[in-house]
């Protein structure tokens, strides 16, 4: 079994031509596609309609090839889009295919493995609290368990779309009266998702976690989580990326932590471990995908000096913070096809965040 | 004679407290202040009112200390502000003081020299055309001539605020009828200013220049110009920065060209020539000021890959392109007090631009 | 033959539930749907992806019901969306159905008739010039001719999506060299479309029209056109709304001209002619659809006083001018489901624009 | 004693030319100026620097004429600017002068009276709570008491700039621990200011007010308050507008409540009571100043239909809601010099707000 990944530029959120070509030429098979993860040129906010547009376009592309109704495609393929390509970022999609059958024997060389799962349906009162953390952790471990890993330290990225189940104003009022007000919002779901990953992978101790710590104690964090959240979603969607001795192919993943959004050394460290010759000159295919998560430092300063991202009522801080980190990644790595997502509660240290890179390697496991 | 420079963070466009403190403590004298150049947290566009606010605040600060009316301060001090501190940029002002008297003898060690001048009043029909180029060139050479330089290759930055004299609709119509439509706008004034610098310093040949080339042939450019323009201004304001054997002090300036807004190598080359240990750790005072000029590549791509800056109707391309280059500069140099200005007609190669850095050096001339 | 119209609020650009319900309940038949015209909550600009999202959603809804491929739906149904619901505007779609067969005899009472057509494929050099004007006029007259009208003065709205055929940089350069530079852009296509309507309906004389007049002489205009344009579209799409003695039903349309975007009297005049009791209290169904076109007065003033819409680099003038007119329409008419589109070259007098209203009437032809 | 008012268009936030002319010609005397209230073309948000710019410009204008330091002008004159002239609003300043001496006798005809006062310095823990309400009420009554009114029902506008005294993170944490978290922010200060006015004028009962009601029970409101708030301000600034039998002149004020931001009938009712012939045709000087306060209905709908103002991450709801009401006011009254301010906690009913109009009247007291 092997994972193949294709990083394709798009000309718009509904541009599926690159994938269509791969399918039409037989380079990939529709039934092998397990995920399409992309950056679209929206604002990344509440009124970012580039995400449903991209999803609908891929559903239209894949439905007839999978022999299902468009609305059923997402049962078969994770379609995950993040809006916001501020600055130099090139809108792109990373298409992940899982091909072949499981290896009976472990190999010495570990290669990229990807697994997918879902939590049970979560209730509004569980979101942003320990039940969400624990259910998320359970699923992360469960999915990781299917990948034949040597250990959880081989997990280098967990991409989650967190549940935000619907609730009524009456539900909210009742929770308020019970003294446990709902946290069933974007921040709550993202934060608990990230801590769920951290718990699953042993990045934090179970004893350190509590409802009170979620959204408050930011010394607790994951270095491999990349969590978004989606209003109306009932089950958190989990994609685990790891290096497995039971997967073949030529892809490897690694990760690191950025201490702030200017952390060139942190970026280089991950690239160096992968053997990536950065900055990439030309396009040798060695750099396959880059995923980072961060935000404008909520303390209003970076490296001790004031920034103005949090006080601008014309342009949101998420747009600028994405632009900053993406620019530094693109300049350091030499590729503008970088995926940076914002709002990073419990994702890396305050003002910083996790970074994961997938590279194409030779037989020696080096890019 | 020496130049001293202070790079001061501000808490708002009207924050003059840092300079007030220097004056009140006697660290600097009001009569020695020749220029205040700053970045303010505006949008950098037509409705950026942070610039007049900063100017008015500095006029109020300096007027009683210079014994003149507030409206007369700008006859004595260049007050030049650029809006736009997108991303991590820290709003700041660089205060330049010229102290002491001219050296009779040339010294071996060259140090930062700054001179100021103005063109004659320009007429609307001259803007964006050769008369503006030639008058600008004349003044640049004239000011450079006062600095006792070994040669024009010691000029490393020419900061200009270009004239855009007022004109009536009738003037414009008459020019249209004569077949030489007015170019008396921001782009025209900036482009001709930059080519004026290029002509003065021998960066382009006189024979290569023509009205037709201005705004069209972008293979012609200056690598040291940094030109803005201001509607209503009748005389272009010129500030020349160079290294002179007739200046003392501990400051040196150098420059380079960035081939695009991700050009880490170009940034490092300038720092290396100055002996700057980058990225700066802590704040040892060796990095004094950073000035760059650039824009979103008008061809819609950076390093062969699409960017979306030119097609976003919610946020202008100048805001994002400033953010990109400033992020790369801040990450590479280790300081968020960087001055990046946009719209860069004839400033460096298309999609790139000039970079100048002032550093504090030891007796060996190295930072 | 009759036209039925449904004005349905939407909860998002991809919300087709209202129409699905009408179809599922048998209230309307998919084969009778001739057009869906809507306002979506985008920015109305180049990066407004709410329009393709709405189109894709309606294609997915209608394709299986029409028995065609999603991509073929637009051959059967005009799907036309305009972004921008600034202020109080409620996102909505107007669904138009044409039912029954043509009347042999003319009736005394005229009722709403709607016809659809397309120009031939237009070439880039024709756009924004007389060939586009004349071909548009030809098709408007042709479509109007199918509606059994008493005369062209019974046409009260012509909604067009103007062609902007693709061309290469070489095409543009060649046109430039021939001395007839391409006008193949939004402004060119919209302006020539509007003048095509004006020519068809006798609002302007053929002799007054010329390539030079298009985009310059704004005393020439249509009072019933509502034109957008779409890059990549090769044939202009034409929808003609009129009152016909050969149509039955309970809908009537009328129009008027607004002299500026605050023209309450102009709005009232149209409502009065239709017998509409405005402002509507409650929702009696008498006001069916409102279409207006306008823009921020390019002279920088409304009724002699300065406005700031044209100099704001944070928010575009189209967003504010839509907001202004939509607010005045909603307040005057008492309904927030109003369709206001901007950029109005040759649409009504400078700073003003056309207004059309569809009302539900009794047997006396009065709302 | 009489109040004179001048409504002057401005060409920018720092345009003081209109007032300078009035002063230079002797039309008004600097010592008579009690307030300058204006709308400037900023975003009305945290980074709106048009307000300090306007203030600094008026301080520079008035300081030498008052014989005081620029920084001392605000001790003598209320300088109050509100950013946001979205849509058709013309930036303008209303200059208020108080001339002559107090009348010993009451006259039958009541004319506009304006009085100014300040609360004591408020402490952070008082803001947004009953102490701020009560102190504000005390000062409103005190100032009203100086105007020789027949009763408090003759008060038609109370313009307040609410205190937001500075506090440390430690102060905030301590308050949190005490169980009475600080409400020392914009919303808290505005809401308590408005309820202070309501209490002073008998619009709400003292018994109905409590810390719990502030910011929650929006059935409690003032119909004459117009409150902003300013971080760093220690004392709330209060300007009371009323009709007094002890004032002469030709100005009268009246007010009303708008039930929503489309309430044409509510606008007309106020104009009718003043005898204003609306919409104003030409500029007969009868309409002197218009002040309104409102916001995007927080329930997400206006008159039962969805609006999108609260979910747009590109443009804030305050910008659009100001645009809507200002458009409706300008269209209904026939003048684009209208002052609309947003965020309207406890200002009129939810989704609506107060409206005050100053008119110039004849001897019969009618405009």
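Labels A, B, C and D are assigned to the chains in the order they are written; within every chain, residues are numbered from 1.
Criterion: a contact is a pair of C-beta atoms (placed from the backbone, for glycine too) under 8 Å apart; a residue touches a chain by one contact, two chains touch by 3 or more.
Bear in mind that the values here come from a model prediction, so they are computed numbers and not experimental data.
Shared contacts of chain A and chain C, meaning chains that touch the two of them, come down to B, D.
When the contact pairs of A-C are matched by residue number against B-D, A-B or B-C, over half are shared only with B-D.
Per-chain Cα centroids separate chain C from chain D by 41 Å. Centroids of chain A and chain D (each the mean of its C-alpha atoms) stand 48 Å apart.
Chain geometry summary: the mean Cα position of chain B and that of chain D are 42 Å apart.
In chain B, 41, 43, 47, 308, 311-312, 314-315 are the positions where the chain touches two or more neighbouring chains simultaneously. Interface residues of chain D, counted against chain C in their complex, comprise 9, 11, 41, 43, 85-91, 261-264, 279, 283, 302-309, 311-312, 314-315, 319-321, 323-325, 327-328, 330-332, 334-337. Residues 43-48, 308, 311-314, 316 of chain A touch chain D in their complex.
By the touch criterion stated above, chain C contacts chain A in their complex at residues 12-14, 41-42, 47, 49-50, 52-53, 56-57, 60, 70, 314-315.
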